[in-house]
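Next come two complexes built around chain A: one with chain B, the other with chain C.
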Partner chain A sequence: MSMVPSAKSAGALYWPVQARRNIGVRSLFLVVLAFLVAYGVLFPGLFTASGFAKFTQSWFPLALVAMAQAILMLTGGISLAIGATVSLGAVIAATTMAGPLGVAGGVAIVVLAGLGIGAATGFIVVKLRLPAIVVTLAGSFIIGGAALLILPRPGGAIPAWLSDLLAGDTPAAFVLLVVIVLLWKLYLATPLGLSLYAAGENPVGAYRSGVPVDAARVAAYAISGLLSTGAGLFVAAQTGSGDPVIGTAFTLNSIAAAVLGGIGFLGGQGTMRGALAGSLLLSLMISVMFFLGFTPVAQYVAQGLIIIGAVAIPQFRKVQP
Partner chain B sequence: MTTVAPLLAARGASKAFFGNPVLRGVSIALQPGRVHALLGENGAGKSTLINLLSGALRPDGGEIEVDGRAVPRMTPALARQAGIAVVQQELSLTASLSIAENIGLGAYPKRFGLIDYNELAARAKAACALVGLNEPLSTPVGQLALGRRQMVEIAKALYRMPRVLILDEPTSSLSATETKILTDLLERLRGEGIAILYISHRLNEVMALCQHVTVLKDGTCTADRSLQGTDAAGLVRLMVGRDPGDLFPQWQPSASPASAISVRGFSAGLMRDVDLDIRAGEVLGVGGLVGQGQEDLLLGLYGAIPAKAASAVVNGASGLPGGVPKANALGLAYVPADRKREGLHLIHPILTNMMLPAFARLPALKLRSRKTERETGKSLAAQLAIKGDLQRPAQALSGGNQQKVALAKWMPHDPLVLLLNDPTRGVDVETKREIYLMLRGFAAAGKAVVLLSSDTPELVHLCDRVAVVREGRITATLERAALSEEAIVSAAMGAEKQKVAA
Partner chain C sequence: MKKSSLFASASALCLGLVLAVSTGTAANAAANCIKGDRKPPYTIGWADIYSVPTWMKQTQGTIEAEVETLKKQGLVDKLVVTDAQGDANVQIQQIQSMIDSNVDAIILIAGSSTAPARVLADACAKGIAIINFDSLVDTDKVTAKVNTDSSQWGDQAAKFLISAIGGKGKILILNGPAGISVSDDRRKGADAELKAHPDVKVLAETNTPYNVAPAQEAVTSLLFANPEIDGILSLGGALSAGAVLALDKQGRDQVPITGENARQFLELWKEKGLKSWATMQPNWLGAFAAYTAVQALQGKDVPAFVKIPLPVIDNSNIDEYLARAKDFPADGYIYSPYDEELFKKLLAQK
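And now, the complex of A and B:
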């Protein structure tokens, strides 16, 4: 085995592999682009600094929960506790940051809570071999209850400077998202990260190949929890205070975004870039329909129809090759 | 000649599943620089033996030895450390990952904690070159044809630089060219001193490639010897042959000339261009190695999967049924092999299971008559000797009794053709005997019984004729006089040209 790869082969595998992963989401990218253009026409302010900042801020939490859901779906799992975990992250942030712990302490607790809840959920699902959907449904009651215990009614506070930094006229949300995506690429370049796909699609084969299947799955749950409480922190910064039920809608929206992004329910199918595009599409759809004057009820109906359509179209293609 | 300690060996290994012995005192020794063939019929215990050797299962008795030293607790991880690589029949690949990522899976080269893609590319490329895979390494495995995936699986084993290479039917999905590449490769690896265990149903491959053979039959070793001076017919004899005892009922001719099903140019699933006549009053066996398309033949006739035929007559009606309700109306009944998932609704009462086909025939909103159901259930239970309370869930029954319920549910409708998919798999001997008697009884009553079976003695001793399926075609139809285990196994493996008797 040559330990010194030739200059030609340097990067000759990693980038083609990445490029191949785009193939499945190309048409999705086109649709997202079309929606972006439509949105830009309807709302020219998108291309100003503050317009861009506002738009990325409205997308950011959905992007995080879509990633949180997608990483679990890639391992063959799912979470119904994402919304509750977002709420918990928000109330922890709102009750700690203004207190003696300060922003740094608050962030640390939000991070630890996310990792801890995720790892505990993952441990129960993986080690006890229980269905993820049941464990996370029960988890959503427990976590949601904990959020209500910490902060029974909306309140608490986020330091104003943090709110201004994250949710003011700055592109901080976009920068953060770029950083998170880069960290994800880094994780996927580790053996444990890439094992996600094998553990989700062919667990028996992965186990026989020496992949630490259980560890890969528990790690996925921990990361998912972290992304969820992180989204909660951001939402609290946006509103300037904590609300114990603010995350509820994120559970189903995270599934919708992941499904729109081409993540399959059976595990190992799909890409994170697809899930992100799906969350962007969902976010754009909501905004465009708002500008077109859809009533909220009509928005929900249209959203549902579009999601079913997005999932059904590839099926039709399969039937008639 | 072999004074060297075997790289990997089993000594007197035994294994039982749920009290059913699968391996009894089997020994095998893999020597460096030798291709060792492992032969045996379906269910002879080959896969279990591989699982013991690779640490996926632990033996109940006996020992696994690496380099002549006993390893008391063999695990897959230990096996990998010892340089044992297994190419399983079911692939261990991930469709959405690239060829290189699949080949390195579980053993990626690392650099600063990250996968070293350059090193991976170099090593995967070397492994691919060995098996003649020239697709770009970044191609997702999901885009490859089955044969190419098999080659990736083999490259994955080679990537780990094994000392012992175990291949479980590696050529079953390979083209002739790919098979050639593989056999050349195995020759070369043998020359490098690797021990190879080769499992295949293709006897000519085994004869050409291997030096030593172990034959398993019903979980015991019937031969462990050099292949020199052995011929294919001799190997087949070592794999088959069992004392039928009084397991099977006395065979009596009952075939009448009346045709129940007649198809020409029939295709369904894996099956292509099949001409088949099924006569009333006969038991027609369908044999062959597992997964050659036999099941598709039954399902296609039953209308459960799409099928087409140049011409078809089913119980006097022309054309294939095209759907299960239509097939039922024409007097066809199908009993699936997988009782737990397809044949029965395990958590529901035995009685409900028996009544299910009847529910399909009743007007949808007519009230059920519990009394009639109970009476029908009772008479069915008596007829088929199903013991116990019919209100218990079906899962409370033994495998054999479950099978009887799966059969019983069709009886009230007096089917003219019974399509049975391996009805005696996992059934105890006593119940087997009862089922055999029943099947002969059905035939004597003028029904046509189609018996798909993986149990060769069953085909020989119970059937009037046996159609042997290989690679989606009926390669031989053996009449009663020509029936023998050797004849069926030979036809199934393509060991010799069979005369096709009409």
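And now, the complex of A and C:
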């Protein structure tokens, strides 16, 4: 049953490997597809340019934080500071972009803050050998506090043209997401990217084989921080302003999306496409349940059932001989 | 009979309002966002930020009751309810879904004072009546905003407390969560009074969710650190209940405290014989929002901002509130009575 690739050349190997990686998430893809079809039937406006744009815009920040969480979980780490980092990215964008620094300056600071916070967290976790869950929990208070210091209450502003560009009636968010996924593919081809899975699955073995385990893990935290503040920037653009607590819910949702996407807590298991599909399902669920006319109480129950269902389907398949 | 007595007490509570009412003229200008192309019966979308807290459930109760009334009048045929589970991003997505499904009106309590501004502008452009109450959004692209004045709340609470402790003494200040506009506004409203009385020393401030347990915990630890406390400026009802319980459990004497119409606090007030003052964020803001949305859709002019006068509870009228306590959940809020007459007067005020 398993596909043994006939290793003739690297090119011939690529697609069978990709196909094998899909096995764990195939059923999730089917569930997501079913929800997409249901959404399209319930709301035909989805297939207009602006309908598609609005839908991808509500998914986009969740997709970014799912990636931010997934890259850490692949290395055996986790972050409880993702929500706070999204908030920080949002308030930095909302307080700098309308000022003398302009959009370019604002983007630069958001990028630097994300990379810096991520790298610092990664350094503490990896070099000081402290548990990621404790470090990032503490980090979430520090980062969340910093966001409240920068902007004690919702406010600030994003230039209207940037909001219209990123979150107007064009699918700019979707294009950005495609670019980010391609960059991720490229990153996986670099030495640090290649080390990512090895560092997560078997750090000691990888280290003995000469894999730069520590560097790969610190880099993962830095990228995760960048994706988080980037999601914050997008949320600020989408809402036209900054809110120091806007990101809070993203911490749990990012973990939910990653786990739903088949990323294991122990590192080295899962794929980014799974995490993205997981985030898409979480986002689709909200809209589909609305159009089905579920009451809020029924939504709580349905949400739980869908998540359990999506996670359980691959397990059923494994149990079958 | 019941209705008229309800109205009598409502007008007693809102005396200033009743005096201020002038003869409302039927203006011909339509309200903001209204294009006049939507015909009854209307579909109303209620974009709730978080349906679980009792205050929210009670508020939804008043909305459902109002919608039932409007249904009987043939003005509304459907109420669509969403729950963002506290996530402002989800609320934006749900408001977008309401626009996509072409509801006629959206009433909302915002999860963020800034975040929904752009999606609401989209809804406004489609001629959807938007009534924003309680937690407001900083935007003009809504039909009307409805709220009490949070800053006045803080100011009046501070005035009461400072006079109750004789203009000097050591106090604690209990706030709602940090970074939330309502909590921030109430606190800022108290500033002027506190500055005017330099002998009132603020020992410590807390930021907790508007729930009894966290407030009780926070106050308990402050009691250990501060043997001498003359008064507590609490800017939320559950916070006050938490503080009273904390003082009680520690065997400390009760001190003057401000609060809100939380049933638990009002009952503790009576039980402990407190000298206190409370105001409220009336739950019927929800019913009023639904009523206002339908008025606007029918082409009536509604003010862009409807300021709801703060009803005051003090030792003179607390018994009137407690007499109705059994009609409210044990952890709920005893709101002042309301009826359509009151709504009409509120909309007619300039």
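A few points about this structure:
Here, the second predicted complex is superposed on the first by the 290 of 321 C-alpha atoms of A that agree within 3 Å, B and C clash if a C-alpha of one lies under 4 Å from a C-alpha of the other, contacts with A are read in each partner's own complex, and residues count from 1 in each chain.
Everything below uses one rule, namely that contacts are C-beta pairs under 8 Å (C-beta built on N, C-alpha and C of every residue); 3 or more make two chains touch, one makes a residue touch a chain.
Since the model is a prediction, treat every value here as computed from it, not as a measurement.
Applying the stated clash criterion after superposition on chain A shows that chain B and chain C can sit side by side. Put simply, the three-chain overlay gives an angle of 120° at chain A, taking C-alpha centres for chain B and chain C and rounding to the nearest 10. Once chain A of one complex is fitted onto chain A of the other, the partner contacts of A:154 are limited to chain C, with no touch recorded for chain B. In the overlay built on the shared chain, the residue A:246 is in contact with chain C alone; chain B does not reach it. By the touch criterion stated above, A:286 is placed in contact with chain C alone, chain B being left untouched.
Contact with neither chain B nor chain C is seen for A:133 once the two complexes are overlaid on the shared chain. Of the two partner chains placed by the overlay, only chain B lies in contact with A:201; chain C stays clear of it.
The least CA distance from chain B to chain C in the superposed model is 29 Å. Residues 48, 51, 80-83, 85-90, 92-94, 96-98, 100-101, 112-118, 138, 178-181, 184 of chain C are the ones that touch chain A when the two sit in their complex.
Across the complex, chain A meets chain C through its residues 43, 45, 51, 54, 58, 61-62, 148, 152-156, 163, 167, 235, 238-246, 248-250, 253, 283, 286-287, 290-291, 293, 295-297, 299-300. Within the complex, the chain B residues that touch chain A are 56, 76-77, 80, 86, 88, 90-98, 100-101, 105-108, 110, 113-115, 117-123, 126, 136-140, 156. Of all residues in chain A, only 1-3, 5, 9-14, 16-17, 19-20, 186, 189-191, 194-195, 197-198, 201-202, 204-211, 268-270 touch chain B in the complex they form.
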